[in-house]
Amino acid sequence: MIKTSGALTPRSHFYWITLVQSSAKPADWKTLLAQLWRIRLFEGHVQRLAAGGEVPGFPHLSTGQEAVAVGVCAHLTQNDVVFTGHRGHGHSLAKGCNLTATMAEILGRDTGLCRGRGGSMHLVDAGCGMLGATGVVAGNLPLAAGAAWAAQARQTGAISVVFFGDGATGAGVFHETLNLAGLWKLPLLLVCENNGYAEFTSRAEHSDVAKVSAFAAPYSIPSATIDGNDLIAVHQSAASAIEHVRRGDGPYLLECMTVRLAGHYVGDQQQYRSKEELAEALKKCPIERLKSYLLSQGVTDDELMAIADQIKQEVQRDVDAARAAAAPDPASFAEGVYASPLLAAGC
Amino acid sequence: MIKTSGALTPRSHFYWITLVQSSAKPADWKTLLAQLWRIRLFEGHVQRLAAGGEVPGFPHLSTGQEAVAVGVCAHLTQNDVVFTGHRGHGHSLAKGCNLTATMAEILGRDTGLCRGRGGSMHLVDAGCGMLGATGVVAGNLPLAAGAAWAAQARQTGAISVVFFGDGATGAGVFHETLNLAGLWKLPLLLVCENNGYAEFTSRAEHSDVAKVSAFAAPYSIPSATIDGNDLIAVHQSAASAIEHVRRGDGPYLLECMTVRLAGHYVGDQQQYRSKEELAEALKKCPIERLKSYLLSQGVTDDELMAIADQIKQEVQRDVDAARAAAAPDPASFAEGVYASPLLAAGC
Amino acid sequence: MAQTFIEILRRALDEEMARDAAVYLLGEDVAEGGAFGVTKGLAAKHGATRVKNTPISEAAITGMATGAALCGLKPILEIMFIDFATLALDCLVNQAAKYRYMSGGQLAVPMVVRTQSGAAGGAAAQHSQSLESWFIHVPGLVVVAPSSPMEAYGLLKSAIRLGDPVLFIEHKRLYAMKEDFVDSAELPTIGKARVAREGSDVTIIAYSAMVRTALEAAETLAGRGISAEVIDLRTLLPLDMATISASVSKTHRAIVAHEAVMSGGVGAEIAARIADELFDELDAPVKRVGCPFVPIPFAPELEKALLPNALSIVQAAQELVR
Amino acid sequence: MAQTFIEILRRALDEEMARDAAVYLLGEDVAEGGAFGVTKGLAAKHGATRVKNTPISEAAITGMATGAALCGLKPILEIMFIDFATLALDCLVNQAAKYRYMSGGQLAVPMVVRTQSGAAGGAAAQHSQSLESWFIHVPGLVVVAPSSPMEAYGLLKSAIRLGDPVLFIEHKRLYAMKEDFVDSAELPTIGKARVAREGSDVTIIAYSAMVRTALEAAETLAGRGISAEVIDLRTLLPLDMATISASVSKTHRAIVAHEAVMSGGVGAEIAARIADELFDELDAPVKRVGCPFVPIPFAPELEKALLPNALSIVQAAQELVR
């Protein structure tokens, strides 16, 4: 059964999908494939625009890791909240952020989600439950736990989801958060995207711990390590993880093994990775894998092409709209530090 | 085989004992009992003096937990280093700090280990490898790991030992340190004194994790949970843990289950603990247990009395000496912030 | 009947919890009353779900308070000693303070972080610091440092209702201070200082426990023919320059007194602003009274020698007025 | 041949590692060269045991560097962005800075923490801060902020040999700056400022990247008939008041310029000290140039509008001299 609902926020104009795990059909997977494509194409634009000097800062692409964002967010409602980190474009789009406003933010436009004040690493769209990204690795984890605490305290029924990388497990606050989330039985889904790297340093140099999910064991927090490049696997595992969390049984740690197809940030030459490694990584592309599956299930090449074409046009249109938008008024830089202008005046 | 050596530091005037695990005899245990007593008596003085207003700050007693300090430090050489926390009197004495200078520090005297600048929570005696105590819970853990790293890098053969409470496992830096210690295979022994409390809050409210040693598992760091009030058990487990660490096989986490017989600090009324609980705790006294064992092994009451008397007199004498010492010169408060007086002058 | 700082603070918490179901307390031992007993009885009264003990996880609990504030709670977090705020700074500075701005105004962090600072009785170097000046350097934060029980009562209530993250600093030497509880409909405005004593020869600007010391000094000075005006800042960020300016324009001399070390202290900011904005008003340089640049020593004799006291202020005033 | 800031910094590290076997590097990605390439090639040259990659564990690696410094190493720790020093503050402030004092002089922490700060190119609110003023508030620390490649070279070497914990702040906008490498037997003394340009009408006090901006401003001012002296502080803690005093006693006017927000900034301390110690020398108030009290915004137009530049200094100088 597919339940689709229309625009969730004033800005949102793509379809929201809630798939019931057991009844997912090729038709559903096609819709999710479209989302994978959408993120991939969006970030392709980011990369090209960045190379052309149009993107301030240093954007981090989730290329190759899209299945995690799409597979998890497919189960979330608008009330559920998501926190992400420096590699958060995919999560934002999957959670329902308007594509034009997201791109506009990444380009530093006044029409951006955060009026150009946040940027690629600080995407927020409160209206659709995308509550924030933090550029400080692991800093998002306790924020998400706090959101889960609020949901629990206010009995809203919402859950909180946090996406983070394997490198974040080196940070103490990850462990502090696990302890608290377990202890308070918070409705928190922790999604680790284990891509085997933290910047240029491979996981082997960061940690002796093969599986991030192992960190949940001491706290008796249930966990799983899955193939994060297999959208179907992510979708199904996320369904049961979220069922657990939504039921009030406390947090769940879902580790998604994945690969970063691009550099750490746009411009990273990746000298620390061999050609063989990169070639191997490409084989794991979640989009290619889902396509193969759909083709094997009788979906035709033409159907897929049609979807791709449509997404391509939509994304292009939305990106163009973002690029056409105006930069913020320089004189406005001091707006919005405090609730009260009185406070701001005294500083 | 007991190897005793004389004064290790100019200040030290008690005997240093290295027991070879397998050959420990009642005679050896007697010597260790003397150390337990020594710490107990010392802290009895701290408590009385504090009640009388002679001790600045808020001293934390290790009463009831002495077997951990004594059982572990018995295996350390002067080159090995120890870090402790707010409850560190026992560790300091067991590592070889001069009793008079230790008490003088706790009383804030100029003859104190740190010239009265540190106090109960910041005991340092570099000469005997007591490298420091920190009042910030868990702050000592990475310091100890760093000391272990230096020993490894400089190939001194020394090991580093850190004592901390169960509450410290709530702090992220504990986990960061485990990861690094395992990854770099540091010669670090982590000794957790699990007394079931962090201040007034019981462990159940702090954590769902029953055994602190479980935190070592994800890192494949070997660990054990033992009865920390059984000196013989501590002594034997510490021996094999230290053998592992000294061999260069990396860190080891030794969790010693113990009980705090006193309040969190001197003056704590312990309203959060029932009479029954306290009565139960008293039964676990490590001194009483070792005494029973020795009596069962044919040691006589008289022999034990004689030891006790001697220790009592020695401690009294040393405490009196500490009390008789002068306070620091008030005008000297600014000394010793920087290596160079030039730097200090510019501040 | 006179009540202690701790009792009056507890009353403010109690009343705000009763008034607003979104107010929650969290921190180490808070359900047991906290290390200083401020929250005693609140768990029993308002329920264990609203007064939450936490593990020793300063970073995570600050993050959780922030995240909860984003989602409809008004958390009051207790950080037992300001020395341990060092463990919470990423969240306070990088997240909580910047959320409103970075989100383009979409989200806010209505949270109060209560903490305790200052030296007393041999708490030593890691439990005695006065670190408030770090926070006046962080856009998005508000910093409040009350000087008495009743000041704390009103300011805490105002802070809870403010809507932006507030660091609320209690001085450990004030905890035992007693005052009569006086009911008043009006709460103080965050950002407004108060003239604690009027005078005409010199302005002494202070906050937290140092206000009492300044009042003592003013009394002594009065005996020596010097009329000192004492300003209780109440809020360190934002600074109420209007009140300072009015006073210094009258006295033409100013002293800023605090317990923190002078280098990089709040006094530096205030002195710099007076010296700039009131350059033509000043008959003498702005003097600072504060700790010398040394960690807080343990021994009481050293601690006492180090800490600024009423005499330090009196001497500074006499030099200025001479 | 001219070399970049990064290259010359690397040379200093390389030479000090060759000179002293106790010098070790650690930090995130440092074996890969670090996020900015400063340590590139050093692992290959000096061995992987002396150039250690670490996990993302700012608290632990700072603690480890401190512990190792207590035990005979001279660690150089890289904290990738000063914004993340928030995660290392317990150790830096409560442990490293106080160890010498708290141990009554028994132990020392000869360690350098290299970090990188400042705004450029849309790094946004969490990767652009200038937080140096926090550290001048901490007795026991030393704070160095070089203004050019050759300054960095000498100061880094001096810092490594100092024997106390040094925070060494590199500005990201300086990394590409080029200078000729000039061999010199003498290393700068930590704690001594330098006169970067002589002048007689106004003193501009700056550090880090702002020195270049101040020199630009001085050039512009010269064209307008105002002779500006520029002081490059080099060390923020301790402050070289002698050099400042000599200059201001000559020019009778002072501006302190930095990129950090003004409230609670290093400029406040300097302005307060000048206004006090040189009260009779001043012909005009000490002016501060710095960021307004706002987090660093992402959009380049906003970032640019916010950051102080040469024009900001020129305007301040013209107001003073007018």
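Should a chain be cited, it is by its letter among A, B, C and D, assigned in written order, with residues numbered from 1 in that chain.
Convention: a contact is a pair of C-beta atoms (placed from the backbone, for glycine too) under 8 Å apart; a residue touches a chain by one contact, two chains touch by 3 or more.
Everything numeric here is computed off the predicted structure, so don't read it as measured data.
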| item | value |
| --- | --- |
| Chain labels contacting subunit A and also subunit C | B, D |
| Chain whose Cα centroid lies at the greatest distance from that of subunit C | A |
| Subunit B-subunit C separation of Cα centroids, rounded to whole Å | 37 |
| Geometric centre distance via CA averages, subunit D-subunit C, whole Å | 30 |
| Separation of mean Cα positions, subunit D and subunit B [Å, integer] | 40 |
| Per-residue multi-chain contacts in subunit C, two or more chains | 54-55, 57, 59-60, 83-84, 86-87, 90, 94, 101-102, 124-126, 139-140, 237, 239, 263, 293-295, 297 |
| Numbers and ranges of subunit A residues touching at least 2 other chains | 112, 114, 116-118, 122, 134-136, 170-173, 176, 179, 183, 205-207, 337, 344, 347 |
| Subunit B residues touching subunit C - in the complex, by the definition given at the top | 55-58, 105, 108-110, 112, 114, 116-122, 134-138, 167-168, 170-172, 198-201, 205-207, 272, 327-334, 337, 344, 347 |
| Residues of subunit C touching subunit A in the complex | 24, 49-50, 52, 54-55, 57, 59-73, 75, 90-91, 94-95, 99-108, 139-140, 142, 162-164, 190-191, 235, 237-241 |
| Residues of subunit C defined as touching subunit B within the complex | 28-29, 31-33, 35, 53-60, 83-84, 86-87, 121-127, 263, 292-295, 297-306 |
| Residues of subunit A that touch subunit C when the two form their complex | 81, 83, 112-118, 122, 124-127, 131-132, 134-136, 139, 141-151, 153-154, 160, 172-173, 176-177, 179-180, 183-184, 335-340, 342-347 |
| In the complex, subunit D residues that touch subunit C | 59, 83-84, 86-87, 89-90, 93-94, 97-98, 101-102, 124-126, 131, 133-137, 139-140, 237, 239, 260-261, 263-269, 271-272, 275-277, 279, 282, 284-288, 293-295, 297 |
